[in-house]
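In what follows, a structure is listed as structure tokens, so that the remarks can point back to it.
A, B, C, D and E are the chain letters, set down in written order, and residue numbers restart from 1 in every chain.
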Amino acid sequence: MKLGKIIGNVVSTQKIKSFDGVKLLLVQPLDENLNSAGDAIVAFDAVQAGVGDIIYYETSREASRVLETTMNPCDAAVMAIVDHVNLK
Amino acid sequence: MKLGKIIGNVVSTQKIKSFDGVKLLLVQPLDENLNSAGDAIVAFDAVQAGVGDIIYYETSREASRVLETTMNPCDAAVMAIVDHVNLK
Amino acid sequence: MKLGKIIGNVVSTQKIKSFDGVKLLLVQPLDENLNSAGDAIVAFDAVQAGVGDIIYYETSREASRVLETTMNPCDAAVMAIVDHVNLK
Amino acid sequence: MKLGKIIGNVVSTQKIKSFDGVKLLLVQPLDENLNSAGDAIVAFDAVQAGVGDIIYYETSREASRVLETTMNPCDAAVMAIVDHVNLK
Amino acid sequence: MKLGKIIGNVVSTQKIKSFDGVKLLLVQPLDENLNSAGDAIVAFDAVQAGVGDIIYYETSREASRVLETTMNPCDAAVMAIVDHVNLK
């Protein structure tokens, strides 16, 4: 998983059927110091995250498991809202 | 998923059988400000996207699920045409 | 697998259900000379690793196999604590 | 999928059994203007491609589906020879 | 697959159970001219490779298929020792 920050969302009318009603967030990847690292990605929301939240997200097949329809072709999902990053 | 823009298409006669009749688009990856980010990829079209459209696409195994033949060895697909990117 | 070093951990209350009770480590990727290489990732702990330990970790689907619930959407796990890296 | 060019091949005697008799090509990744982009990879040939051909190839699990033995641990394959890249 | 060179090995006592008795090599990725390209990775050995050997290796799920226990969470494996790289 990687750390990220919710920076917005993506709205789409013309899309594959299994994405109907699914909330898509724009996620800015972060490094361990919570600085931006790379380009934003588009991810499903599994934890009711909002703009400004620090989260961790997943990519690859595992991401589709957080949706009710497990055959959904999802490849990125927000898994948790982060309370603290303890960097030692 | 990642944001992208349709910038063309790829024509191929000699190909694996399961790709017959499938439309292949050339997709320029974009960052959250819709600036180019990295090299173009070749992706299946699941939503009738056209040149100039802002879209989001997927890579990895999930992409093959948007095709009728789920055993199709597809590793990139355009999933939706984007109406708005709300960057906050 | 890649070499890494445990540099901290991530605490999260609001998360997907299958992550309850799972310890999440912050891992700094390392090169073969044990210098930092890239941004830290968040990984499950399969070997009771602690801060400062040199480890190797996995990403992609394989990582989920180290958890008891194999359907867990985990995409990164610490697999072993490294005793020696023999560079010849 | 990504665009590439066949720039050579790889010969190997000592290899895993399921790779016996399989032709392995050296593929130079290309960008949308057909300029080199990154380091060459080693890929299976599913379409009788030859040196100098512009092709597109796949990586990840999907690649193994082009081989007769679907359990073959192949992670890169040439899927088609490209006739035209229409960049608009 | 990618070209690489065996540059050492990794020794580990505290590890996940399914890795007991498995030889882990340190692999330096190479480009098509056999120059170093990126950071070393840790890979299983499926072909009795030794330090100094030019090889090609795989990452992703396919790598686990070269082990006897196919459910082994392995994500990188050396598949063959390379005799010649014919670059044309």
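To be clear about the criterion, a residue touches a chain if its C-beta (ideal position, glycine included) is under 8 Å from a C-beta of that chain, and two chains touch if they have at least 3 such contacts.
The model shown is predicted, which means the values in this text are computed figures rather than measured ones.
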Type of chain D:chain E copy interface by residue overlap (half), same or different
different
How far is the middle of chain A from the middle of chain C, if each middle is the mean of its Cα atoms, in Å?
20
Whole-Å distance, chain A centre to chain D centre, using C-alpha means?
32
Multi-chain contacts only, two chains or more: what residues does chain E have there?
59-61, 64
Could you spell out the chains in ring order, with the walk beginning at chain C and its first step landing on chain E?
C, E, D, B, A
Quick one: in the complex, what on chain C touches chain E?
1-3, 29, 31-32, 37, 46-48, 56, 58-66, 77, 79-88
Please name which positions on chain B make contact with chain D in the complex.
7-16, 19, 24, 26, 28, 39-43, 51, 59-61, 64, 71-76
